[in-house]
Amino acid sequence: MSAGAQQQSVAEAEDRSAVGVQGKRPPGEVEVLARTVEALLFLGGDPLGTRELADAAQVDELEVAAALALLSEQYAPGRRGIQLREVAGGYTLATDPACEEAARRLFNRPRTATLTPAQAETLAIVAYLQPVSRPEITRIRGVSADSAATTLLERGLIEEAGRSQFGAVLYRTGTQFLKLFGLRSLSELPDIAQWDPAPEEQAELRERLLRAGEARAEGGPAPA
Amino acid sequence: MSAGAQQQSVAEAEDRSAVGVQGKRPPGEVEVLARTVEALLFLGGDPLGTRELADAAQVDELEVAAALALLSEQYAPGRRGIQLREVAGGYTLATDPACEEAARRLFNRPRTATLTPAQAETLAIVAYLQPVSRPEITRIRGVSADSAATTLLERGLIEEAGRSQFGAVLYRTGTQFLKLFGLRSLSELPDIAQWDPAPEEQAELRERLLRAGEARAEGGPAPA
Amino acid sequence: MSTVAALDLDLDLFSGPFDLLLTLVLREEIDLLELQLAELVLAYLDHLEARGELDLETATEFIVLVAALLELKSRLMLAGEDEEQLLDIEPAEAAEELLARMLDARRYRSAAEHLRGLLQAQDGVRFRSAPAPPHLLRAAPVPADGKLDPAQLGTALGRLLVVAPAINLRHIAIPRVSLAERLSHLRALLRRGRFSFEEAVGDADRMTVAITVFALLELYKRGEAAWEQSECFGEIHIQALAPPAPAVVARGAGGA
């Protein structure tokens, strides 16, 4: 086989997977279906069987098989960063193991240990009032703290401490809390007085926080 | 140009994006890096910036840019079921809208709930004025924005950004907003002044607000 | 011409078109403090009823204008040194403010339409939401000790202690009592233990008594309090369903 003929056959093989770009002929049905199957496999985390794919694309399983054959060529090992895999129960897209080192570095990159405003407020309430329930945190903040609390739980900064008599989950600071703030014990939490807008107030902290929160929820005057 | 020659040029064009399959020459560095970047984009849920990609792949940002250029060719619209999109200051993979019908059948749910007028207005105010508080949003809209803001928060379109001096929670838009609205950055939002009424219309409005009173001052009946 | 401008009003204080009212208020020929905005809203609702259709554009404009009046009114009721200054707004100035308000509302309504269009254009674009394989998610590295500053917690709590300035209600004839105020009153009593309804209201006026009953129902609904009444018109005893969690006072230097 001459070099020219070889290149021509390569061109033919390539042409099947690159239809529609050059605009020389409309993409065939298999190519269009392959794109749909590709999109479905991309979205679905779990493997999809030919039956499911056929139902979603409203074609028969034979057509899906042809589309999958085309895709498995496009996703042949070593060609892309993603591979088409046939696993128990169907097909799925997964990353090429050769790229996994980089993926590990991506997921385990050192994250800056900062708190969002909502997280800082939620954590401060838990630290100073523990144990404290989620509804109480919401009442003090005037807005829900659900997603902030979830993140703090995941990061080990707060943990559950049983339930209140009304069934609400109680929180206290978690194992990572003292470590991250460089404290030896909770008694080393700074005295709130220096940030207190009304240090002369005699009422206890919890009472005052709840009162301020309820005033906010009522809606103070709009800022001019 | 003969049919053969034309096909050959196609083969050459294709060859750039399909290196490594024929095994005729080892894949170049850009091609290898493009695979890694593709895998990272496939795994990472949020859009990834060139800096993050470069750190994970342990190359410099210029190399990542070259790999992304190659990928954007491979993922040119209409070519595959997946597209490479530049949103929220980074890159991400998403499905081609042409595959939406099938995706809807498979997952049995619409892609995203649309926005109600109240939610869209609240989102617009946050997008343009961020950081902005709930009372301020209410002031502009004339009606409460509480439930709209809560829904937008739950959907991750807006997020908390500290508190105003009056203690009201401030909001800003998040990555999810840019991602879902297909924006690269907030600067892609058109200038708010573009929706100002024409000067004549403004003059008419101003006139309206004082006219009736003037009429009364003259002692005549107010024009209807 | 907008129908809001021509809306004919017949209020206690004023009869004539809405725009005239607006102007008279701006020119301080009608005291905003004496104008019942609720009456104004009811008149508008009657007007809508009579027309049998809702013109969204006009309705929005009406709401924005009434809200602006409401805010002007509440600013008049605000106590403070700048009260004089607020009352001194020139009619032309106030008209400019109302105009600015209407323009703002229009801008953001148009921007909202634009955003809805953007979202519509993204219809069918789906992102992958499958989690990354666990073997790639090695346990996240534990950040080094002492990375976060405890002062961050103090400032956060300090901000939460800020109480928004209260609105002075002395201009309003009817004494007002809010549900939230009654709720915190009852909660404070609950923390001390069992108490009677009589103790909770003292010799307050009927409005306060009614709102207190409402607050009690709310606490019952939330599972915070229960009550009992042994006979008709008898004493009502209220108690917490659970003792409130022990309070922790602010830690003083050296740890309290």
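Lettered A, B and C in written order, each chain numbered from 1.
Going forward, a residue touches a chain if its C-beta (ideal position, glycine included) is under 8 Å from a C-beta of that chain, and two chains touch if they have at least 3 such contacts.
Because the structure is predicted, anything quoted here is derived from the model rather than measured.
Any chain bridging chain B and chain C, meaning touching each of them, is among A; the list is complete. With chains reduced to the mean position of their C-alpha atoms, the one farthest from chain B is C. A straight line joining the Cα centres of chain A and chain C is 34 Å long. Separation between the centroids of chain A and chain B, computed from CA atoms only, is 18 Å. Looking at chain A, one finds that residues 39, 42-44, 100, 103, 107, 117, 141, 212, 216, 220-222 touch two or more other chains.
Residue positions of chain C with contacts to 2 or more other chains are 71, 126, 128-129, 132, 136, 159-160, 162-164. Against chain A, in their complex, chain B makes its touches with residues 4, 7-8, 10-11, 13-15, 17-18, 20-22, 27, 34-40, 42-44, 48, 52, 55-58, 76, 78-82, 93, 95-96, 98-99, 102-103, 105-107, 133, 135-136, 138-139, 150, 153, 159-169.
By the touch criterion stated above, chain A contacts chain C in their complex at residues 39, 42-45, 94, 100, 103-104, 107-108, 110-111, 113-115, 117, 120-121, 123-125, 127-133, 136, 140-141, 164-167, 170, 176, 179-183, 185-198, 204-218, 220-222, 224. Listed in rising order, the residues of chain C touching chain A in the complex are 71, 74-75, 78, 126, 128-133, 136-138, 140-143, 145-167, 178, 180, 183-184, 187-188, 191, 222-224, 241-243, 245, 247-255. Per the touch definition, chain C reaches chain B in the complex via residues 2, 5-6, 16-17, 19-20, 22-24, 26-27, 29, 60, 63-68, 71, 91-92, 95-96, 98-99, 101-116, 118-129, 132, 136, 159-160, 162-164.
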